[in-house]
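Sharing a structure, written as structure tokens. Questions coming.
Chain nomenclature is as follows: A, B and C, assigned in order of appearance, with residue numbering initiated at 1 for each chain independently.
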Amino acid sequence: MTPPKIKIESLDFYYNNHQILSNINETIPENAITSIIGPSGAGKSTFLSLFNRLWETTPGARVEGRVLARFHHSFMDINTPKFSVTQLRRAVGMVFQMPNPLPMSIFNNVAFPLKLAGIKEKEAVQNRVTAAIKACGLWPEVKDRLEKKATTLSGGQQQRLCMARALVMEPEILLLDEPTSSLDPRSGAMIEELMVDLKQRCTLIMVSHQPDQVEKIADHIIDFTPGPES
Amino acid sequence: MSALVCCLLVLLILGFMIVTGLPLFGQSQAMDLLTGAWSPRNNLYGIAPMILGTLWISLLSVTISFPMSLGCAAYISVLGGHKKATVMKGCVQMMTGIPTIIYGFVGVFLLVPLIRETAGRGSGMCILSASLVLAVLIAPTMILFFIQSFDRVPRSWLDAVDALGGSRVQKLVYVVLPACVKGIVTGTVLSFGRALGDTLVALMIAGNAVQTPNSLLDSARTLTSHIALVSAADFESMEFKSIFLCGAVLYLITAVVILGARLIEKRGNHE
Amino acid sequence: MNRWGEKAVYALSVISCMMLFGSVATLLCYLLIKGLPALNLGLIFGSTPVGDALLLKRQVFDGIFPAMAGTLALILLAITIAVPLGLLAGIYMAEYSGRFTRNVFGFLFDLLSGIPSIVVGLFGFSAILFLHHHVSEALVPSLLVSALSLAFLVLPYIVKTTQMALETVPRQTRVTGLALGATKLQNIVFCLIPESFSTILGGIILAVGRCAEDTAVIMLTGAVASAGLPNSLFKGFEALPFYIYYISSQYADQAELNQGFGACIVLLLICATLFILAAIIQRKVKHTLLYRH
């Protein structure tokens, strides 16, 4: 087992007065695929949103407890106010259940995070975008139409484009919320292969509903199925 | 059935105006009326000064109101926190309920003296005063329209920007605004129509002098105030009949504005 | 975009909020400061005893009671005319019209709602003058003419609200009645209208507010500066917004002006009450919609 990348300590999550998660203690290993499983409504996606603080965009949401992540050799609580949420989200990429390309060209979609981060040198942008698209195995399919709208791609291609977009900032952690559930089996398999490849440079956390997928690629499992006592 | 009646009524209004306005066309060329001067003593009934006055006031008020509304809408739907934004949105909705006459009344007794003293000349009843009041009057509707269009931006796009570490301003500038260009244009066009059709603010504050305005501090008369002022005149007089031309012009501009807004919206749907 | 650019965008947006809210707040404060001292029973009833005025025993001459009564009568009449027509047209638009008619009529209603109110007033005015000259000398601008014109003004609004309310009834509810063997008409009357009733009611209340505040239409179609309490459909009448307009241009002394400010506050209160009522009714709908799932 690889060393831990993230540690979650006695964490509670509330939405208004409704408790979604209670007293969670988990460790997430580095350079591995951690899979979160459990029935719908158990709070899997909420759990995933803890790692990039995306839950903050939901009015009425509140967190108690600590989420410690190791970015520069030491663990830090990512929920402390002095931890910049922008920096956090640039180091933690996310891929959603439905592919969500932005309404711009294929190239600009992948270049968008660089633009957000204020990286402007043309050559650097070009190289990093190309590298990210290649890493997702999308290059042969899109190299001739980088200026076309991203919505012209198929669902599977769009999802890989979204992965390329998440990878262009070279994140240390990649979150995936049921990344293959809206895709056909072939595209799904491509995404799975890609995830296994990514283990070398990322820590991956994935919500999944497909038991065979979990069995095939997950190194570590967090089960959200309620125990018999609850 | 009743829908049919309503539609017939619309056509009836237009027809009525053209029929009653016809004698005007008999006396002189139609273009003369639209572009000519107003001087009843010399038998000149051109409504050009009123058309110009209307355009000056409504364009200026939209120009003032547009950046203000865009900023407010941006704050309420993207930049501001959730709680503050909800309260502010409620306030803006309440503002749409403030009667026009109240804007006019306060304008007359608060803004007009202020402008008079600042400008140092004139009565203070001028294009600028009317436009300022009108800008505040049309802002709430414009803001609500913008917010509505901002809220239609797919949630998944916003999530994408959030997850990529974009700030709220970046979300606004790179994703929300480009996606809402059509909504923003439509909202502005409709507000322009609203400014055009407003009677009381211009009637009470713009001074109503019939002249071709040269500066913002000049008094002006709009088509709408012209109707209100002249309607007291004799039914058979030419002066009176000219207001039907004003009505028809207003009607036509409104129709063009609404048609334009509809077309923009339609094109948005096809893409 | 660099950090300064970002800050500038944020600052501009905050400044525009402050400008708008600042000016509206100034407006309201000015109104309150000037108008509150005038706000008492004397403003409404003048020197006439309240009981006598309410029981119509004596005329009120120096208060705004006749104007308030006029506005009330106007609203009641206009709404009584506009609501049935608007409801029927809305139902027609939502449930019976074909695609083509819906598009064409939809455009016409948009157009109608965009017509400047003064043009609607002008139409009412010239129609009654036409009748005055060609049918009967007794027909003059009056309460009835104003009410008809106002009804015409708010009609498209009611049509649109009704249409939208009906069209947004969820499919599930829409087919439930039909599945139980209701005819189309029964389905509309017993299922769809009750379902969307609150939205429609909210729309109607906003239309009432529009009637209460409109000045441009009534100044052409029958509002006069002094007429006493409205007692006939075919005579001129007083109305609150017109009274305010009249004061703003014709006030003789400070006392009359103060009365104008008082009248502004009364009108504002009436409109605010109507508005909040509409908001509460429509919000209640939203809540039931939220909690049903």
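Operating definition for what follows: contacts are C-beta pairs under 8 Å (C-beta built on N, C-alpha and C of every residue); 3 or more make two chains touch, one makes a residue touch a chain.
What you see is a predicted model; the values in this text were computed from it and never measured.
Engineer: Find me the chain with the mean Cα position closest to the mean of all the protein Cα atoms on display.
Structural biologist: B
Engineer: Have a look and report which chain pair racks up the highest count of C-beta pairs in contact.
Structural biologist: Greatest count of contact pairs is found between chains B-C.
Engineer: Report the inter-centroid distance (CA atoms only) between chain B and chain C in whole Å.
Structural biologist: So the centre of chain B lies 19 Å away from the centre of chain C.
Engineer: So how far apart, in whole Å, are chain A and chain C when each is placed at the average of its C-alpha atoms?
Structural biologist: From the centre of chain A to the centre of chain C is 52 Å.
Engineer: So the centre of each chain is just the mean of its C-alpha atoms; given that, what is the distance between chain A and chain B in Å?
Structural biologist: 48
Engineer: Among the residues of chain C, which ones contact at least 2 other chains?
Structural biologist: In chain C, the residues touching two or more other chains are 1.
Engineer: Indicate the residues of chain B shared as contacts by at least two other chains.
Structural biologist: 167, 170
Engineer: Any idea which chain C residues touch chain B in the complex?
Structural biologist: 1, 6, 9-10, 12-17, 19-21, 23-24, 26-27, 30-31, 34, 85, 88-89, 92-93, 97, 101, 104-105, 107-112, 114-123, 125-127, 129, 133, 152, 155-156, 159, 209, 212-213, 215-216, 219-220, 241, 244-245, 248-249, 257, 260-261, 264, 267-268, 271-272, 274-276, 279
Engineer: In their shared complex, at which residues does chain A touch chain B?
Structural biologist: 52, 54, 57, 59, 85-90, 93-94, 96, 98, 100-103, 112-113, 115-117, 162, 165-166, 169, 175
Engineer: Applying the document's contact rule, which stretches of chain B touch chain A when the two form their complex?
Structural biologist: Touching chain A from chain B are residues 82-83, 154, 156-167, 170, 174-175, 178-179.
Engineer: Considering the complex alone, what residue numbers of chain B touch chain C?
Structural biologist: Touch list, chain B to chain C: 1-3, 5-7, 9-10, 13, 16-17, 20, 67-72, 74-76, 79, 88, 90-91, 93-95, 97-106, 108-110, 136, 139, 143, 167-170, 172-173, 190, 193, 196-200, 204, 224, 227-228, 231, 235, 243-244, 247, 250-251, 254-255, 257-259, 262.
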